[in-house]
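This report concerns only the one structure given below.
By written order: A, B and C. Residues from 1 in each chain.
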Amino acid sequence: MTDAEAKAALAELLAEYAERIDDDRLEDWLELFASECSYCVTPRENHDLGLPQPLILCENRAMLADRVVAYRNANIYNIHRDRHVVGLPLVRKGEDGAWSLAASFALYQTDSEGRTSLFVAGQYRAAAIFAAGRPLVRDMLVLLDTAAIPALLATPV
Amino acid sequence: MTDAEAKAALAELLAEYAERIDDDRLEDWLELFASECSYCVTPRENHDLGLPQPLILCENRAMLADRVVAYRNANIYNIHRDRHVVGLPLVRKGEDGAWSLAASFALYQTDSEGRTSLFVAGQYRAAAIFAAGRPLVRDMLVLLDTAAIPALLATPV
Amino acid sequence: MTDAEAKAALAELLAEYAERIDDDRLEDWLELFASECSYCVTPRENHDLGLPQPLILCENRAMLADRVVAYRNANIYNIHRDRHVVGLPLVRKGEDGAWSLAASFALYQTDSEGRTSLFVAGQYRAAAIFAAGRPLVRDMLVLLDTAAIPALLATPV
């Protein structure tokens, strides 16, 4: 695989990541993560200030899967549909065989009356690897510009 | 043409599709469709529920051309300018020589006072073909998350 | 460098352009411009009507650098963080060895209370060149759909 092919595959990984959330295919979304992985959602301001407390932290895929199960069975939240618009990505080759990805996004939510509004804007910063030629998310850091989140953080960002 | 080249050309097709609408070059926008084509705009919720009634349905390019003529000459609507921001696409090779494209978008409208607001968010789901090496839209399905459209659907989405 | 490689590098240039502004790395952002360059921000409507007065015009990199120095040391403005979401680009090869880039964007601002709102939507229209294999912005025209800008234009768009 050339670097150009790897970069294209990693941009697709990010598009797939967003599409599976938007289509409420969260179990399939889990499949995009490596078995050893992390998922962290934190306000950008906290991150910039070095404040350690995230909004969500899953330190392996089992924790992430738990979150999906909780969402499916236990959580109470505002009914909505998600729509991610992910901007032009920056994909860079790392030294340890992993790749880094950065991409800004806007996440819209549509309520049960069909009204759409901006939920949060932010940036994905991910480390990704290839396993058997397939790109996988190893570490996903979701920086939220929007610290004043207008509703519950129910579905993944 | 390699698959990588085809994918790049198809992402450009989608960018061109949006740019021609935004630049009010609707007659040029028609040129991006195959002669045998369809164009359908429908609320995402209706689509998910299998409800058949779309907001707009053009079953060939002549119907689509008619719509542009009506817009130019007959329709009365709110004056505005469009701006599409199309997110990272997913381009997949189909079995019948066609390609499938999926991409989320946000469509902003700016009124005559220069105020911009979100008009609709949604997803393009298209089948595209190559004719004489040039990518063309064969079937365009526009899913609108925003069912509560805040103004007339005058210009194409 | 093949055309496909050049196009990928130019899409990255645009992503990098946005990321460096969003990360408040404005001095690094300047490095993305050729030494002979221009930077112009103008309402789209004025541009379409051929009205010559832009909102911002820097006719070389020294003027652009001045603007960053003024922003760092002298300007008074609303505290905010920027977030650009840049849509699918169109990259075309020009006749003079330069490339043209066009991409729509939405620029969000988040205030010190963590509330995010759309600041402006618009389109980048750039001419870019390669110097020593590295892509650089030669001329950047930023068309703003949003003429009614809700706050000061402090950070670059």
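Everything below uses one rule, namely that contacts are C-beta pairs under 8 Å (C-beta built on N, C-alpha and C of every residue); 3 or more make two chains touch, one makes a residue touch a chain.
Since the structure is predicted, the reported quantities are computational estimates derived from the model, not experimental observations.
Undergrad: Once the Cα atoms of subunit A and subunit C are superposed, what angle does the rotation have, between 0 and 180 degrees and to the nearest 5?
TA: The rotation relating subunit A to subunit C comes to 120 degrees.
Undergrad: Over half of interface residue numbers shared between subunit A and subunit B means same, under half means different, so which is it?
TA: Answer different: the two copies use largely distinct residue numbers here.
Undergrad: Can you check how far apart subunit A and subunit B are, centre to centre, with Cα atoms defining each centre and the answer in Å?
TA: From the centre of subunit A to the centre of subunit B is 26 Å.
Undergrad: Residues touching two or more other chains, restricted to subunit B: which are they?
TA: Residues 4, 85-89, 103, 105-106, 118 of subunit B each touch two or more of the other chains.
Undergrad: For the complex, which residues does subunit C have touching subunit B?
TA: Where subunit C meets subunit B, its residues are 4, 7, 43-45, 85-90, 102-106, 118, 120-123, 145-148.
Undergrad: What part of subunit B is in contact with subunit C in the complex they form?
TA: Residues in contact with subunit C: 4-5, 8, 11-12, 14-16, 18-19, 22, 81, 83-89, 103, 105-106, 108, 110, 113-118.
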